[in-house]
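Take this structure, written in structure tokens, and hold onto it; I'll ask about it next.
By written order: A, B, C and D. Residues from 1 in each chain.
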Amino acid sequence: MSDAHAGDAAGLEVGFFLDWIERTASAVAAEKERLTSLDAAIGDGDHGTNLDRGFTAARAALEAKPPEFPGAALVQVGTTLISSVGGASGPLYGTVFRRTGKALGEAESVSARELADAIAAGLAGVQKLGGASVGDKTMVDVFVPALDALLAGLADGASVDGAFGAAADVAESAARSTIPLRARKGRASYLGERSEGHEDPGAASAALLWRALAESVGGRAR
Amino acid sequence: MSDAHAGDAAGLEVGFFLDWIERTASAVAAEKERLTSLDAAIGDGDHGTNLDRGFTAARAALEAKPPEFPGAALVQVGTTLISSVGGASGPLYGTVFRRTGKALGEAESVSARELADAIAAGLAGVQKLGGASVGDKTMVDVFVPALDALLAGLADGASVDGAFGAAADVAESAARSTIPLRARKGRASYLGERSEGHEDPGAASAALLWRALAESVGGRAR
Amino acid sequence: MSSMKKLINSPESVVSDALAGLAAAHPGLTVDVERRIVRRAAHASTAGKVALVSGGGSGHEPLHAGFVGPGMLDAACAGEVFTSPVPDQMLAAAQAVDAGAGVLFLVKNYTGDVLNFQMAAELLEDEGIESRSVLINDDVAVEDSLYTAGRRGTGATLFAEKIAGALAERGADLAAVAGVAERVNATSRSFGIALGPCTTPAAGQPSFQLGEDEIEVGIGIHGEPGRRRAPMAPAAELAGLAVEAVCADLDFTGDAIALVNGMGASPLLELYVVYNEVQAALKSRGVSIVRNLVGNYVTSLDMPGFSVTLCRADADLVDLWDAPVNTPALRWGA
Amino acid sequence: MSSMKKLINSPESVVSDALAGLAAAHPGLTVDVERRIVRRAAHASTAGKVALVSGGGSGHEPLHAGFVGPGMLDAACAGEVFTSPVPDQMLAAAQAVDAGAGVLFLVKNYTGDVLNFQMAAELLEDEGIESRSVLINDDVAVEDSLYTAGRRGTGATLFAEKIAGALAERGADLAAVAGVAERVNATSRSFGIALGPCTTPAAGQPSFQLGEDEIEVGIGIHGEPGRRRAPMAPAAELAGLAVEAVCADLDFTGDAIALVNGMGASPLLELYVVYNEVQAALKSRGVSIVRNLVGNYVTSLDMPGFSVTLCRADADLVDLWDAPVNTPALRWGA
């Protein structure tokens, strides 16, 4: 059990996803001020408040109307984020969750690999919506390498725990790697070269999301 | 000459009054910031600027149209102050000078005693206009004791220099004596007890005027 | 809070420069920049109408120049920042706009304004032009006693200018126009709270210092400190304080016209929050707001804060309030 | 400069509280405080009229809710402070005000606004209601390149709302109303300068730090720093900078409509000083201002500073500009 492998039959069920959202919501709440102050430096200082409002609403929505399968949970989270966050991150994160959820369909249990593929669909949705590529200093800068790491880890036959853990590590270092970049999307792009030297707030929040995911995977294993 | 006495025949001519205004204007310019910051504490922070604007205008008016006799000089100064200062101090100081000047009539030369009596008329004008009595924390708190000291000095047969010098000393200490008072007139009265502990700006400027007068008297004697 | 940085060319030229801008922006006004007199453009027909003239220190914009135009003032005189204008200005303004029916001076009760308008009225009498002066003294933060210069004139000035202006426009005579201005003043009260100081261009320093959690309660409009300092509190409490002070002084039970006025640097978003609390507090006291203004009308440069002004609203006053007005800062029905 | 002290009850309730105040103050508006939608009061007859819907983050008041009313917007959606509203709001607003002739969304070009309005438009299509969206992107401080999110929408939003609103009122169809909004946007440019930061209620900290003699040049309306920092300078120079930036980007020779806009905490006195310099600088470039606004219209909470917006003024646009409008913040001819 503690050494679940990529090919493991033990799938991720709806409880796992509720746990992921719960952990994400807690992490966002805990890091709210840091996210907001990152946004104040190169944006408008609301990213932490925005996401905290959104994940608080998502948590409440999941409690009010408990979803029956993983895809439904993520679609519900995405829809709630879209309806409650606003700003750039609302539609973008909302789309990540909605598309990921839709890709999971109505399965009651999904494998790690299926989840990774679904996240790829979510990421594609965000890139289509926001038009950002890697290097534009956005959340995409975290999602792309983290997902790559996850896929690679799962393909290597590493443990599921290890694959998600490695993906979270990559996400965190990818977030820090946005520091020297000049923003080309979103509000920070208005600053031109003055956006250099600051971590992108959306990249920072994406790293929280990946870490929460890894923790849920780890927690499940225990 | 250096010991001109109250009874002295040597009168004060128009040049003396021009000198007085010149010295007053210089003193006001030099003390502008102090007057303004006294006013900021218990008023609206414009007293120094107001008087500086007024005496600069008065100086210019006297140069543009040199008066022929003492009374004309002071009326001209008063009229200019009224037309250029505004606020409370414009009409009040304007009235002091106008009434003092009018009281001097068309005499080419006036005695120290005649000047003191004329200032008494100016003071009466201000008190009628503004309704302030001694203790209300205004310029009147300086004018009344300074004039009393001047009249007393002249009556005692002290030297003219000495009488005016003593009046200026009294004026300066009277200005400081406004510090503990609670204002009952003008803008500072809005503060009620919070006006206590601050020197009244109009009292401070009145002391400058009395000191300039004493210096003109002293300068004349040299 | 207040800033030393200002959008000016120099403290000396700020009033003239602003008047030049006002002239350029409003073709409906004739502005004598040198003498600092703003009046309705020459073409406005006002024959036989009582002329309304007001004025005061600058720094309270849009008061007064922003209220010159059909339905309101005929002329306004601008002094230096926070300094009453001089009698020459008031005299010249009155002479320029007198249309044979006399002049009403609307004067905020400050020693400087009172004395300068008084001198102007005397000079005007010498010119054979009849005038009346109405003193506005609505600020309940100041005790009206022998021991003060009396209550300050603040927000009610706008009410008096609007309502007397409307009556003058209808052809009422000087006594009637002065009478309604007096009635407005007698039935209006104001109270203000500042969250910080303001900075005059000349001083270049904040008018007072406040701690991060302090406010000034009972402030005027010249950056003077208030009657007392208090700890910062939610909008509901601050609005309650102002409403309490105003209503303790005069019974407003019934209908009222209300002004929730920004002192200059408080965002409109916040002023609407305050309005919401003010109307709720009034409702619970049986006061119903039938007309209102929310915004920066009688300001104190860059001071953050607000004031509340109420005027008892009988049908006559409301009718005059609703009459058309067309000025830079207040416009409806035209 | 910006203050931590605010006239609010809590950062969480500031938008709702302000909307409740707006509702109480303006009987001509119907305000759904919970869903944060402001629209014209039900009785206004708009059958067959193209409906104009705008919205955006709060903190820019009077934009947008202050421009709802006859002659201008049909509805406005308010987001959290500096945060775009959500698609549900825009959808509900559009459904409420659609009068059968379709809906024009006027959208300031920020990623958040664009994405949320885009989602709303998709949802609206599902409901069988036709819509068009016009992006406003007038701020020349932002390079319009592949390397940015494109130019921000600022002062031209007011111009588009007024002018498209007037055309809609005249019964033009959706394509025509969208067309004129696009034309206004294409012929408008803005540039802003801040003397200090602003403070959002949630952050409670100034959005940036400036030295006593520094300014931010090329700022937006969300407290973001500008393109560069510069030393403080006289109003004439700052106005010149803004005029230069605007005119370098588009030739305004001829007639123009001008907005000299306060960012929130700069006194009106100073804005008139700026207006004076702006009109002089324009005159020397052969640009003549035929209509103007001076005041706080598109603000950034308590930020001190100003922006200049110009729109090329042909006879059609001026005619639409002059058409009656009756909203809380813009009113004439009615």
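One rule holds in what follows: a residue touches a chain if its C-beta (ideal position, glycine included) is under 8 Å from a C-beta of that chain, and two chains touch if they have at least 3 such contacts.
If you're wondering where the values come from, they're calculated on a predicted model, not measured in any experiment.
Chemist: Minimal path length between chain A and chain C through chains that touch?
Modeler: 2
Chemist: Measuring centre to centre, with centres taken as mean CA positions, what chain is farthest from chain C?
Modeler: Max centre-to-centre separation from chain C belongs to A.
Chemist: Could you put a whole-Å number on the gap between the CA centroids of chain C and chain D?
Modeler: 28
Chemist: Suppose each chain is reduced to the average of its Cα coordinates; what separation in Å results between chain B and chain D?
Modeler: Taking the average C-alpha coordinate of chain B and of chain D, the gap between them is 55 Å.
Chemist: Using mean CA coordinates as chain centres, what's the gap between chain A and chain D in Å?
Modeler: 33
Chemist: Measure off the straight-line distance from the CA centroid of chain A to the CA centroid of chain B, and report it in whole Å.
Modeler: 77
Chemist: Which residues does chain A have that touch at least 2 chains other than itself?
Modeler: Expected reply: no residues.
Chemist: Considering chain C alone, which of its residues make contact with at least two other chains?
Modeler: In chain C, the residues touching two or more other chains are 81.
Chemist: Between which chains is there touch?
Modeler: Result for touching pairs of chains: A-D, B-C, C-D.
Chemist: Can you check the complex and tell me which residues of chain D touch chain A?
Modeler: 57, 79-88, 110-112, 115-116, 118-119, 141-143, 146-149, 152, 200, 202-203, 205, 207-208, 220, 222-225, 227-228
Chemist: Under the touch definition given earlier, write down the residues of chain C that touch chain D in their complex.
Modeler: 1-10, 14-15, 17-22, 24-25, 58-59, 61-62, 66, 81, 195-196, 212-213, 215, 232, 234-236, 238, 264-277, 279, 289, 292, 294, 296, 299, 301-302, 304-306, 331-334
Chemist: Write out the stretch or stretches of chain A touching chain D in their complex.
Modeler: Contacts found on chain A: 36-37, 40, 42-46, 49-50, 53, 82-92, 129-130, 182, 184-187, 189-192, 194.
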